[in-house]
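Look for subunit A in each of the two complexes below; its partner is subunit B in the first and subunit C in the second.
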Partner chain A sequence: MSTSTLTKKEQSRTKSNWIAYLLISAPFFLMVLLIVYPASLSIIRTLRPEVNGTRRFGLENYLAFFSDHTSVTNLVFTLWSTGAIIALLFIICLPIALYLRFTESRIAHFVQGLALFPLFVPGIILAYALIRFIGPNGLLETFIEVTTGWQGYHTPYLKPSGSIIGLVWEGIPITVLVLTAGLAQVPDNLIEAARDVGAGRLQIFFQIILPLIGRSMLIAFALNFLGVIGAFTLPYLLGPAAPQMMGPFMQRTFYNVLNPDAAETQAVITFLLSSFVGFLYVRSAVRQQKEEA
Partner chain B sequence: MASLQFNKLDKHFGAVKAVKDLNFKVNDGEFICLLGPSGCGKSTALRMIAGFEEPTSGDILMDGQSIISMPPNKRPTAMVFQKYTLWPHMTVFKNVAFGLQLRKLERKLVETKVMTALELVGLKGYDKRLPAQLSGGQQQRVAIARALVLEPKIMLLDEPFSSLDAHLRVRLREELKSIQRQLGITTIFVTHDQEEALSLADRIAVMNSGWVEQYDSPDVIYARPSSQFVAGFIGSMNLFEAHNEKGMLKLGHFFLKTNDGVNGSEVKIAIRPEDMEIAESSGWPAKVKQVMNLGPFYSVLLEIESLGNLKAMFPKTSQVKEGDVFSVLPNRYLVYHDAGVEEIRL
Partner chain C sequence: MSFLRKLGKDPFGIFIFIALFLFIIGPMISVILWAFSVQWRYPSLLPTQWGLKFWSQTFKRADILQALPLSLFLSLIVTLISAVICLPAAYAFARLKFRGSQFFLLSFLATNAFPRFGLYITIAVIFLKLNLVSTVLGVVLIQLVNTLLFMIWIPTAAFKGVDKSLEEAALDVGASRFRVFWQITLPQVIPAISAALMLTFVGTFYETQGAILIGLPGVRTMPVLMLSLINNQLVVQYGAILSLTLWIPSLLMLFFARRALSGKSLAAGFGV
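Right after this comes the complex of A and B.
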């Protein structure tokens, strides 16, 4: 190959590189401007608490958060709710996704439509619909009373289960979509090969399917975790006044307690938790890209 | 090891009849090839034996016992699939051991059996690798080891070498035949490659549109294909329309002798290229259009007036070259007529 050909190729590669940099520059600067810069300012501000009228570096804001019973309770409640919501989402969505993957029928299409329906319902509308449905004197209570005569219904509205029900309902479409996409990548012949060597349904599920959709499950976990841990509308409208999830808690601290420093510290702690899960998600995506390459 | 019997087996997918009236027997220890073009029903037939497809009607008997009500995981068969079907998250050892572990065999015994199977397929020392770290040929060998380790009564192979390159395909074919002979395991092998079927099988079932057109030894199928389809599908064959009149067969301007077994006036004559000979002046005048050197012999395309093109095989000693003109005649041909097929030698 001649030197001039090589130079031409190098020139072309350099040109392509510049086009690539140009294309990513707009989203990159937007991300820096709208996320990285304000987030960095917040993190720095939480590390420079105001003590005796002057700001200096220190961990007082974080010590205050972790020594405050309400704050810790709210953080634990948020993590507990997030865990419960994600567990429920997997319990509900995995069978739906398996059914959709392995069934070819009109009912399957109907189930798929039903599972994806919440995707098109705004959170606020969902919250009020749920209040009318599960709230006191709502449709569910009336139905139970009319059909069974039983009057012991305890509404989950304004209780931890209220926000959990709402967030699970909201999380179903994305979870079903991600899991169905993951299951679609499991070829039939891998399952047939397992059946052929003597595996039953449960063995196929636990030893073949689950390990093969591990990445999809991580994606579903990460997306739900990130959505739930910072959720505001549904926990605010359906959840209890105390303990609170971090979203409503931040809002209350900022607007009602008028303590922006504390609200910012709560936000940074929530952000760090989300970042960890985000890191797992990004690492998995990068690994997948490397494997595919 | 076991024998297998298909009893009037049918499989319909809606209006499509994929397998029609499959009715033949596979003897204990035999190597059978189901051969046919794409969509002829051969894979469906194999999948019915494995239990992945339920027959619409008919029965499959293994050693005289019906197996069609058994689920795939209970059948004493093991299948090697067309594409690499190793579980990507398991090592080679785990892939081969999986079936044994499901049978709750002792760890030591599992290890011994897996290592023996891997050695048998020439993959000793590969047990810790993941499928992604193996070549296509090695992956198919693992799949064969995975099937063999279960000591099935019948081994089923669904075009296992079709995605491999030609050289590797031939090598694995030879290895498979040697393993089959060593273990004496009844084997059913699906392929669309006639060369593969002819070289591997004790008997071949040639399938077309769901039917078995012919079930016989490779020699018989090659020498005396029972139908025009088989004649066209197996090997290379020259086919000509001919008219049967006054004790002679007229094709183009030429005549060939017939016999009493040939019925009807319109027949088809099939001539294998290797049955063509260079003749004295009394033969069919032919001009050489193309010569292909196939190693020990020449594959020659001849142009014959009133017949068109005809393929022939001549030994290297014939020294034919493009543009040569000489006479040729078949020393043997088949006549497909209303009542069947007749073999005639000159």
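Right after this comes the complex of A and C.
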């Protein structure tokens, strides 16, 4: 079809089509080059180990990972920490989000400010601050000893609880933000109606609120899960040297042990672990977009 | 008095406030105390000797004098590149109709859908072969990964929110497309775009994971230097003073961007 047979509107549409692809091409190719390409290449490479000088498909890399005691311990430790961190985040943030949604008190303003404050504290500064706070002879220990005289403080620094405390601290704002956004969509009149027919607080929470904020809880879960599995700085600085979480473990394998192949296998295992959660996150975000469109 | 009575009506709020305050602000207080102490012997609750003695020492250190300009330069370059490639794309996503626009917009969620450090390892393996490890270019590239989603989604939401009737009115009275964009569209999206720029700059300034993996040993940014100062801490005050100084960009952002960074535009950056 020659251009002359197109109406003027169609013409401008084809033109803007072409321009649009041009405009989005740079970030799109960068994304493919820096995310899709390395990730897929690693998945393929780790499935094609080098045996006797030739590369062929095989599970040797993964068998090596799962037969290595340290690797398996670190993997289990990572999963265990992730579960603990997410559970703690929900225990802490759900009451805060509910409070922010339903109170009319002036204190809510300050509570919200505090809960979002960690957004403005970079991980590296947090790590240092926590060492000085909860570490040996830190402010917390001194405070407890000076005020109560109790001397039995055991520091969580360089213990599993050290990285858990750090990652919980860091996860509070996103969790509160996402849960409050979900709770904002719970209509007031629904709650009032339930109250009118005599529903108790717990009943309202479990039967009305909880089903309505399912998607927000899912997003909060997914963001925290991905965040913790992919974390490096806080577990590296606050957690124990053994067992290690996957982030520091991979870095050690890559940088200190100088074994990029093994580090690559460890990375792909973290992909597999979080592939389902990543899928849930993307699906939920896609649905949200479609509803808004 | 009436304020106190009001507080008494909200015991749960007060409980949350105090608990959060201790947990969130407590660590920050210990950093501030350390930064202004000359001597702090255990078990004194406060520094045994106050002073600024260590500030000049800290900023005389050659490694810090080298890392600080490097970090600022890297953040600036990454933000600039990110803006140059992402903002036109955001405009296209919001205002132009094209096949697959939904798909392309959502594809940037991939940056959030992988566990970050695992992804960096797979990038590092490739960079190792390309000799990009320990180079500025390598660090710039890996830090760009972090910025794409924010730099596209937040401005896209902003461009979508532009009041089209104003633009049409201006076009009707004969304004050129360029002038309409410059004088009507742009002013409406400036707050959101500056928020995205600020988030990108500050986020890149503090980016540690990619910088340590790709940058070492040749390229040592401020956070990476801080990491080594924490690990081999001879003088506690160096870390404290550096923490406070490094925190300034973030605090400035907190101060200036409070309005622009409404919960909604922040949430857009997480794909919520």
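Here, the second predicted complex is superposed on the first by the 255 of 293 C-alpha atoms of A that agree within 3 Å, B and C clash if a C-alpha of one lies under 4 Å from a C-alpha of the other, contacts with A are read in each partner's own complex, and residues count from 1 in each chain.
In this section, contacts are C-beta pairs under 8 Å (C-beta built on N, C-alpha and C of every residue); 3 or more make two chains touch, one makes a residue touch a chain.
Quick caveat, the model's predicted, so the values are computed rather than measured.
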Fit or clash - subunit C, subunit B, common subunit A: fit
Contacts of A:V257 with subunit B and subunit C, given as first, second, both or neither: neither
Partner chain(s) touched by A:A115 [first = subunit B, second = subunit C, both, neither]: second
Three-chain overlay, vertex subunit A: subunit B-subunit C angle, C-alpha, nearest 10 degrees: 90
Partner chain in contact with A:V197 - subunit B first, subunit C second, else both or neither: first
Partner chain in contact with A:N189 - subunit B first, subunit C second, else both or neither: first
Partner chain(s) touched by A:G247 [first = subunit B, second = subunit C, both, neither]: second
Subunit B versus subunit C as contact partner of A:I174, first or second or both or neither: second
Touched partner set for A:I208, first subunit B, second subunit C, both or neither: first
Chain touching more of subunit A, residue-wise (subunit B, subunit C): C
Minimal inter-chain CA distance - subunit C and subunit B, angstrom: 15
Common interface residues of subunit A - those touching subunit B in one complex and subunit C in the other: none
Residue numbers on subunit A that touch subunit B, as the complex places them: 187, 189-190, 192-200, 203, 207-208, 211-212, 214, 291
Residues of subunit B touching subunit A in the complex: 50-52, 71-74, 77-79, 81-83, 85-89, 98-99, 102-103, 132, 143, 146, 150
Touch list for subunit C against partner subunit A, complex: 6-7, 9-10, 12-14, 16-17, 20-21, 23-31, 33-34, 42-45, 85-86, 88-89, 91-93, 96-99, 101-102, 104-119, 121-126, 128, 141-142, 144-145, 148, 151-152, 206, 208-209, 212-213, 216, 223, 226-227, 230-231, 236, 239-240, 243, 246-247, 250-251, 253-254, 263, 266-267, 270-272
Of all residues in subunit A, those that touch subunit C in their complex: 13, 16-17, 19-21, 23-24, 26-28, 30-31, 34-39, 41-42, 45, 95-96, 99, 103, 105-108, 110-111, 114-115, 117-134, 137-143, 145-146, 169, 172, 174, 177-178, 180-181, 216, 219, 223, 226-227, 229-233, 236-237, 246-247, 250-251, 254-255, 260, 263-264, 266-268, 270-271, 273-274, 278-279, 281-282, 285-286, 288-290, 293
